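Quick heads-up: structures coming right below.
Okay, so chain A shows up in both of these, paired with chain B first and chain C after.
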Partner chain A sequence: MGEMIQTQRLTYTYPGSPAGDPVLNRIDLTVEKGSFVAILGHNGSGKSTLAKQFNAVLLPTDGKVYVDRIDTVDEGRLFDIRQRVGMVFQNPDNQIVATIVEEDVAFAPENLNLPREETAARVEYALRTVDMWEYREHQAHQLSGGQKQRVAIAGIIAMKPRCIVLDEPTAMLDPVGRRETLAAVMRLNREEGITVIMITHYMNEAVEADRVIVMDRGRIAMDGPPRAVFARAGELERLGLEAPQPAALIHRLRRRFPQLPADVLTEAEAVEALSALLAEVGR
Partner chain B sequence: MNVTLGQYFPGHSLTHRTDPRVKLVLEVLFIAELFMVKRYAGFLLMGALLALVVHNSKIPLWALWRGLRRLLLILAFTSLLNLFYTDGRELFTIWRLTATWEGLHAALFTILRISMLIVGTSLLTFTTSPIMLTDALERLLAPLKKLRVPVGELAMMMTIALRFIPVLSEETAKIMSAQKARGADFESGSVFQRARALIPILVPLFVSAFRRADELAVAMECRCYDSAMPRSRLKEMRMKRADYLILTGMLLLIPAILMGTNRLWI
Partner chain C sequence: MSLLEVRALTHVYAQGTAYEHRALDRVSFTLEEGGFTGLIGHTGSGKSTLVQHLNGLMKPAEGQVLLDGEDIWARQGGIRGVRFLVGLVFQYPEYQLFEETVYKDIAFGPTNMGLSAQEVDRNVRQAAALVGIGEELLGRSPFELSGGQKRRVAIAGVMAMRPSVLILDEPTAGLDPQGREDILGQVQQYRLQEGATVLLVSHSMEDVARHADRILVMDHGRLVENGPVEEVFGFDSRLGDIGLAVPQVTSIFRQLHRRGHAVSPVFTVEAAIAQIEGLLEGGGIG
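The block that comes next holds the complex of A and B.
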């Protein structure tokens, strides 16, 4: 498949901030093309700073970041980098530039100076992918939070990126908006083959990823498939995180019933493990 | 809070589809004419023209009324001033104030001018999306680029301003009710006291506006925006035959109304 993003001893300190531990501390990370990576970590662990390195919004103070083999410090290829790796932020209101939905989605293709037919085709493709095509003539500020965030995602997809980085895209949304947005993101990954890197505080969203990375004070503390990462509940707790509810429940019960499996992830698996336990105890 | 400024009612009527540059030029001509018409017959014809456009655009009347309603007080006040403070033949006298025939006409003219001005400009923003409007302005002002006026950047600023008017007015309302819940009082006291009561609203509003601007700038960069680079457009602006017809028709009709009616006695 090849690597989408690769960092080598990536180190970053915000300009003007006091010397001390850098915000990102010698990070080595490779994200494969087509994968879905979730990034977790407590407040201030450096997740957003890391994300901004992936499309050259920030440049490393030390070390390297490669996007599709392009070094992000290469100024001549800035547009190539930005167009390959799209970025979606927490607050949809602050990402939507134009009043009308379709005009906003057209913003990036217009910036790339694409011909009108191509721009129109991409707007339609992007809005259909996030299921917002019927709203193309609506005013963005009258939409619900989840709809606005999907418009913001469409605005990125219209660049035809190979990778999308989302920084807590669901943090400001209600449960319905959160579900809609997550569904759209998963569709991008599974149907469109776009590499997804999603920062989130919601464990049930991270469960959907192929790979979970936990950040701690500018370093990568844990890295692996969700099942493996969430099985290490004690370690997660020390990093200020909690495993998804079913995993946390089984983990606690395991103190009394060590025969329970260690790698339970979903509700269905928890139910299965518990009924097996009941059957055994009842005997 | 109801914001009509920059509001857009999507549609596909002839008024909606007319080239925004044509609309903008005709709007300016229309406003200039409003201030030069001196006869009721002129206002009647201009009003008929406006009614025709309203009918064609299918803009709901309540939306136009909402724009007018806010100016009702000012209109009433200036009409009263006109009525009593214009010299001329006496109409009637209350106490020591004498209303004159000339004053009555001046008052009616003011009401007609201002309300037709509001309806005319509302029609433009109601039937033209903000992007098209700023695009049209950018193209009409393009010659100024030679004088190093940053026309493209100004148009982008206007687009963003129009986009954020509803966002910020919603936010203002939210902050105001939050401060009211803490006992803030915006309605009583001297002008000075009331102005001071606004500080706890303005400070958080500005802080949030700056944060938004910061985030928006990063988001725009992420979408490959660079003011120095040429940009294409989703909606191409090309004058069609209908646009030329409307433009020439109106360029003849509007001055004709003015010259024809100003000679009449009414």
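The block that comes next holds the complex of A and C.
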């Protein structure tokens, strides 16, 4: 499949900060094409700064970032980079530019000077992908938070990116909006094959990813499939995070009851594990 | 302590137009004095409209809000006095910081109350300390702080008025788990120090389960549940009927109960661990 994003000893220090205090500290990371990567970390761990390196919003102080093999410091190729990697941010209200939903989604492709039919086709494809086609003639500001966030994602998809980076896309949404947005993101990855990099504070969203990366003080502290990362519940706690409740519960019980499985992730798995434990002791 | 009571509160937006919407429909409850109550419900269920009535930002079209038995709109000191007694922390309150220094921002409320400079100073320092904002930050611009610090400064600004009822609308939205727990711990501490009544509006069932003793549930403008956590999140919980979920650990224990295991309802991971260990005590393993 090849790599979508590759960083080599990526180091970044904010302008004005002392050089000895980098936000990102020699990060080596490869994100494969077509994968779904969740990035976790407490506030200030460097995860948003990392995401901004992926489409050249920020450039390395030291080290390299390659997007689809393009070096992000290559100014002449900035357009190619931004076309390959789209970004979605936290606040849905800050990302809507037009009054009507379909006009908002058409905004970026229209700037590409595409034939009108091509733009229209891309808008339809994008809105259908996030399940917002029915709302194409609605006023964007009257939508719910989750609907607005899906329109923002559609605006990115209409650019046909190979990769989409989402920086806490659900942080300002209610549980319904969160579910809708996550479903749209998962569909992009699984059905459209778009590489997804999603920063989130919600562990149950990270559970849906193929790979979970945990950031701490500018470094990658943990990296692996969700099941493996969340099995290390104690470490997560020390990093200011919590495993999803089923994983945390079983992990902490395993100190007394080591016969419990080590890699429980879901409610159903926790029920099975505890049911077996209670039955075993009941005998 | 103050007793906050809501009687048959109804609010209709855009009454008489095609957009008419009954945001509150005969809502009645009493907030337990000195208690910690969680208010949950979907977006659009009426939670925000309700809390805006509680400190007089909205005037009831029908029904009443009573503070210590007196209608808040018929009090001698006027509605202004009610806003000092019932403190409201809005969603994303850090967007409302505006002063040059953290100190001045926290001092804004108590200064408006007409307190002496000495009292204001004491309240500001107490509130800042309570939310973990150190003395060294008081002279800084609030805009230099991190997101979590700004949020805590904004909350301190309300706490510095020492309201006897503290209402917080999603105070932990967008924060990491540690940041969430810090703020809710500080709210608990405020409640215990001041003997205050707390109402927490939240989408996080885990936060509500961990901190509240009672829960109010709104659905389509109506109050559909009002009871202790044990009842609202219990094995017979009806939250699923309106599309709300109980905490995952609560759901796990409900499924164990249905399978015939002798477990009782739990609402936090800690309580779940204690119960399993208790059940298996003396079981010969572990």
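The rule is simple: the second predicted complex is superposed on the first by the 281 of 283 C-alpha atoms of A that agree within 3 Å, B and C clash if a C-alpha of one lies under 4 Å from a C-alpha of the other, contacts with A are read in each partner's own complex, and residues count from 1 in each chain.
As a working rule, a contact is a pair of C-beta atoms (placed from the backbone, for glycine too) under 8 Å apart; a residue touches a chain by one contact, two chains touch by 3 or more.
This is a predicted model, so every value here is computed, not measured.
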item: Touching partner for A:D21 - first (chain B), second (chain C), both, neither; value: neither
item: First, second, both or neither for A:E110, with chain B first and chain C second; value: first
item: Partner chain(s) touched by A:I96 [first = chain B, second = chain C, both, neither]; value: first
item: Which superposed partner A:E192 touches (first chain B, second chain C, both, neither); value: neither
item: Partner chain(s) touched by A:E134 [first = chain B, second = chain C, both, neither]; value: neither
item: Touching partner for A:Q245 - first (chain B), second (chain C), both, neither; value: second
item: Of chain A, residues touching chain B in the complex; value: 55, 57, 79, 82-83, 86-87, 89, 91, 93-100, 102-103, 106-116, 119-120, 123, 137-141, 155-156, 159
item: Chain A-facing residues of chain B, complex; value: 6-8, 10, 129-131, 159-160, 162-163, 166-167, 170, 212, 215-216, 218-226, 229-236
item: Chain C residues touching chain A - in the complex, by the definition given at the top; value: 42-43, 146-148, 173-179, 203, 206, 243-245, 247-249, 251-252, 255-256, 259, 261, 263, 269, 272-273, 276-277, 279-280, 283-286
item: Residue ranges of chain A touching chain C (in the complex, touch as defined); value: 41-44, 90, 144-145, 168, 171-172, 174-177, 201, 240-242, 244-246, 248-249, 252-253, 256-257, 259, 267, 270-271, 274-275, 277-278, 280-281
